[in-house]
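Here the chain labels run A, B, C and D in written order, and each chain numbers its own residues starting at 1.
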Amino acid sequence: GCGSGGSSGAAGDGKITMGFAQVGAESGWRTANTTSVREAAGKAGIELKFSDAQQKQENQIKAIRSYIQQKVDVIAFSPVVESGWDTVLKEARNAKIPVILTDRAVDSTDTSLYKTFLGSDFVEEGRKAGKWLVEEYGDSKDPVNIVELQGTTGSAPANDRKAGFAEVIGADPKFKVVASQTGDFTRAKGKEVMEAFLKSNPDIDVLYAHNDDMGLGAIEAIEGAGKVPGKDIKIITIDAVRDGMRALADGKINYIVECSPLLGPQLMDLAKKVVKGEQVPARVVTEETTFTQEQAKQALPTRQY
Amino acid sequence: MTTIPLTGGRQIPRKYLPVLVTAALFAAMFVAGGIRYEGFATGQIVLNVLIDNAFLLVVAVGMTFVILTGGIDLSVGSVVALSTMISASLVTGLGWPPLPVIALVLAAGAALGFAMGAIIHYFEIQPFIVTLAGMFLARGLCYTIGTDSVPITDETFTAFAQTRLDLVGEAWISPSVVIAVAVVLVAAYVLHYTRLGRNVYALGGSEQSALLMGLPVARTKIAVYTISGLCSALGGVLLSFYMLSGYGLHAVGMELDAIAAVVIGGTLLTGGSGYLLGTVLGVLVLGLIQTMISFEGTLSSWWTKIFIGLLLFAFIVLQRLGAVRRP
Amino acid sequence: MNAALRHRLFWPALVLVLLILLNVLFTDGFLSIQMRDGHLYGSVIDIFRFGAPLILVALGMTLVIATGGIDLSVGSVVAVSGALSCLWISGLDDQDSVGGVLAAVGLALALSLVLGAWNGLLVAGAGIQPIIATLILMVAGRGLAQLIADGQIITVNSDPYKLIGGGYLLTLPFGVIVVLAVLALTAFLTRRLALGLLVESVGGNAEASRLAGIRSRGVIVMVYTFAALCAGIAGLMISSNVSSADGNNAGLWIELDAILAVVIGGTSLSGGRFSLGGTVLGALIIQTLTTTIYSIGVPPETTLLFKALVVTVVCLLQSPAFRAKAFRRRGRPRATRPAAGEKARVPA
Amino acid sequence: MAAPDPILRVSGICKQFPGVNALTDVDFRLLPGEVHALMGENGAGKSTLIKVLTGVHDVDAGEIELAGTRVAFAGPLEAQRAGISTVYQEVNLCANLSVAENIFIGREPRRLGRIRWKEMRRRAAELLARLELDADVSAPLAACSPAVQQMVAIARAVAVDARVLILDEPTSSLDAGEVAQLFRVMRRLKEQGIAILFVSHFLDQVYEISDRMTILRDGRLVGEYLTAELSQVELVGKMIGKELADLERLDGKPKEPNEAAVPVVEARGLGRAGAVEPFTLAIHEAEVVGLAGLLGSGRTEVARLLFGADRADTGEVVIDGTPVPLRTPRAATGHRIAFCSENRRTEGLIADLTVRENIILALQAARGWSRPVPRRRQDELVEKYVRALKINPPDPDHLVKNLSGGNQQKVLLARWLIVEPRLLILDEPTRGIDVGAKAEIQRLVAELSDGGMAVLFISAELEEVLRLSHRVAVLRDRRLVAELPNDADLTTDVLMRTIASGARS
């Protein structure tokens, strides 16, 4: 019958069906995230319905609505943005399908709309980057000139990583962000923008890039200008993808804040519990760390992505 | 000579052929989806496509006017985003009541369209470029208002967003669908039963002839861009109902969806030929393609894109063949 | 002077000069060019270097637009070409082997040609409207690029490959040399040989061209193939410049910039007359604009406003109708300028 | 007859285009209730004067007065509102709209703002019936022949209550019956006191309908005359600025072609559903075959099939004894068949290209993109034909769209002459061409056929067909109904009778 819906609907054989609405495949990080979810689902014996929203919230809403129509057992998704989910989540609740958020929260005041939120905290990542910088320059009195490569204008990680970083370094007036521009999270843009920075700002001490890829592009620009990345200009990035870790181990990057995409196994555990109706914590933080050059050398051989 | 005989002796004018072929293919796609996916062949699927694409439909209606004159409007996606951003920041940020805000948003969209139309006509600059500048401008204004996504918690908005209008049985639609359908009907009336509408077709046929025939070319041209701006703003309002948020990154690339919908519906980009019904079908086809992909459920991100491309290809080629083959 | 003023590239050139002046005000030594490690170094060189892919794509786009078409898929072809060559190189035992790199380049360009021919056949053979025919590849091509790269960013470490987009030859950036070569080739094909006439004729009036005995289909397939080839080379440059291929982001929205460059350069989107020089100028304006935004510190939130402003100014300045009206407004009596005043372009 | 006050008076009009003085100090007046012919060679400035009058172009100097008050129209819309209704030289209608809409757009019958389609179609049908035109008013205009389109444009102009009616070469694509019909309408309007300005290159028509004429030469006023007081010879002399003696018409009938000549091109049972029924026709070396028939009888279709512009469903084309597939124009030009379309604006010229480029286009197309015609050779060829056809202005780098209508036609002709075809198909080549140039073209055709070229000649003017053709093929209702040798017995009357009765046989 149409009304039965929910947890017992499609899964006549007891197998759980999960609808997962991914943001897109806009970066290596995201791809690693997708792979992790897919593999974990396979291992956990969960049937996965996957859809790619190509970075558009409306597509994600459509996908979720179609999962409701298909009567999956549980819906998981990484919201493109925080706002605007109430309507469709209410529809899910009416259909008695539990929802798990991954990677990023929603700003709804009605917390009954989803069971739990699993993911990292972008503001905290920005703070971690800032803290390292404050410690690194703890003793010096000279002003520190920082340039910032932002992520895609308006995107949540860009906004939060910028805010967290600014919050920490704002305490000390010697830290000065002399230029800040978007590099769209890509290497090519990172390189292009950095070249322009290098021409218009002769003394740059620190580069803060919102992801590894822009940092890697910028390294090329710095080398092209005849400077030594990691020495003449200190570099902090976020993500810790393999290429970034390698550059860190090679001494070209000074510090990386990890943002782990490997949410799959945790997600599947939560999904099973939620479908069974067990209690789960409202917030599950992914295990993440930070890497210095030394730590990177050790971690590199076992990196999965 | 200008009609093709169909069985039963009725004559269907040749000019309706592209639209008919599109309709037939849409039906075929629906049936194919029903055979392939469980739970697909229900009326609610089509209604969901409408619910999820009401804003696109409204935007595409405006785009149809522009394309019928032989122009193009690339600014629609950004104007949609700007409308959500203005609505959200005024309603949530400043606590304005919803109705004046919506009126203001519609006026702003129409004004931007009017300005672009005037530049296009009086300074004889190609629409592609003027509306591209308009696209940059509107998107830039979004970011200037704010880079974060702004939630809308206003009661009127939420009530509107979460109302379900029940139809027969389980089927339901959202109020936005009603608005979109109303817009389509009004626009179809304007195109077929008013001078403005006929001037739009004449302009698309030949601007020079329209001028020499003494038609109000300036007024018509500016009007279509104003209409498109207005429709985009209304689309933005519907999108803010749909998303309950304002955000500068909403509706990125929607101009291409709108253009694709219009063209799939059989309207010629060179202007002068096409019907609104085609546009409606175009939007439905795009929506149905997306629905099929989420029912497929196993495609990786890149296969999703390839699959969309292939479906689009198959559809367009079949449509071409259907429209050309008949003698 | 008067002749220069009336030249159709005068106004875009003026805008370019103004943009450069703006940079000179904000950045010390903007115009200075130094010799560093045996190659030229400086902001102006950077504009050419980073602008190279855009110029290439825009050159191909010019011919497509001249036939009355449009190619939205170039950005995807950029991504596909970069992904394929990087995939091939990353699979080599010795990434520095010149033969291997050449094979990768050949493979990528061959695939680009195939993709271009596909577009051309859809437009000329199946008679599908160009914007929608190339939209298919625009969507699917990016998927193809990601499929080739398996969704990853493929990083390569190959010096010969690095040359294409990031290297120097005879003190000049290699990319600039490639652009000059392609420009020369295009100019030769279109202006020395008769391709240009045929393209302009097909774009000006397709039916009349057919009745004059022109194989318009062949011409159309050819220009789309050429556009894809240019995009393929641009894709190699972009991926070589950062030694990696990013299927999702490489060449994103480059089609819009390319179309913008073509139109700023004075080629009409409705087909017919085209100007290669104008296109190069248009692409340089766009690239200089981008560089300006970075170096004068326009905040990212307002970059688009800035871009909108510049595009509007360029187009207004370029529009004869605008200039006529602006001049008239300043109260110049009409009788002293008898040559102007054609109000509507109406053939006899 | 005491001259009433002129309804329209212009004085001292000057109009320059870049490089061309189109009008210099022209005075002109139009009286109510007269038909006033505006005469002049191709490029004399007739159309420009009309466009200046109706606000399409700005004037550089001079005044326009309508019924005694000074006016300066900002565009055709304003002129129309002031009571000047105009049919411009090239048919300027919207091909995508229906016939009825083209007549009524801008002033559709409405109720409460809603267009009354039925009423509109009814009125359109009525109007066309008055012009004795039988066309489906809801069919798109694009499906109609140029002649029908021309009649629709006229219908549009006469449908309004205008004080002034301007007709710029309305008869160039009409046949005798339709011209007569048009003249009947014009006379009726004249009686109602409407002033009519009429442009035509057919002198007989001008003498039949006009009361008064104004002659322009090279953009200057030659003078204003009463038609009754000016002989044809004097008129032509004033138009071209020299005596008619130079222009001796081709006399009588063409020379007999060589009997034994082989057919260059032969159509065997060639046909296309909905266009022409299968026909068989051979055209020999050094022979001119004329095609005669009423409007829409299928002459153009025959030509297009022979050129591969449309694909035939049945039959074959045999060239030099071997059947060849002619599926595209390119294939036809490969066999050195040339086709000069009747519709120069949509099927002939590339408006944005120069005279030179338009002239060498077909030659270049035949050589392919990789073998350009050397610049020197281009100059020679273009120079030669610009001079031979008196293309004006004689500047090869002039844009074709800025040429006068007649000169555009000459450019199109030149394009095909330089490829030296074996079969030249001319569809209405003399349309819109002034008397001098027309004689020139006729002489050229005769010369070419003497030189061995086969020519298929289509014209609505039967005299012209008779003067040039060795044989005349008659079409009626899309069927080839007769092939008549052009001997002493064949006259326009005989031809007319065949056209009228042929179908019944």
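Rule of thumb we're sticking to: a residue touches a chain if its C-beta (ideal position, glycine included) is under 8 Å from a C-beta of that chain, and two chains touch if they have at least 3 such contacts.
The chain list, named the UniProt way, goes like this: B, C = Simple sugar transport system permease protein; D = Simple sugar transport system ATP-binding protein.
All figures in this text were calculated on a predicted structure; none of them were measured in a lab.
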Touching both chain B and chain C we find A, D
Remotest chain, chain B as reference, centres from CA atoms
D
Could you state the distance in Å from the CA-based centre of chain B to that of chain D?
44
Can you compute the centre-to-centre distance for chain A and chain B, using the mean CA position of each chain? Integer Å is fine.
33
Distance between the CA centroids of chain A and chain D (whole Å) is 71
So chain D residues touching two or more other chains come to 56, 75
Multi-partner residues of chain A (at least 2 other chains):
24-25, 31, 34, 153
Among all residues of chain B, which ones touch two or more of the remaining chains?
143, 147, 208, 211-212, 300-302, 304-305
Each pair of chains that touch: what are they?
A-B, A-C, B-C, B-D, C-D
The residues of chain C that touch chain A in their complex are 26-27, 30, 36-37, 41-43, 46, 50, 146, 150-153, 155, 166, 238, 241-244, 246, 248-250, 252, 290-291, 293-297, 299-301, 303
Provide the residue numbers of chain D that touch chain B in the complex, in ascending order.
56, 75-77, 79-81, 86, 88, 92-97, 101, 105-106, 108, 110, 113-115, 136, 139-140, 143, 156, 273-274
Would you pull the chain C residues touching chain B in the complex into a rising list?
72, 126-129, 131-133, 135-137, 139-147, 151, 247, 256, 259-260, 263-264, 268-270, 300-308, 311-312, 315-316, 318-322, 325, 344-346
In the complex, chain B residues that touch chain D
1-2, 15, 192-195, 198-199, 201-202, 204-206, 208-216, 272-273, 327
Within their complex, state which residues of chain A touch chain B.
2, 19, 22, 24-25, 31, 34, 48-52, 54-59, 61-63, 65-67, 69-71, 80-87, 90, 107, 109, 152-156, 158-159
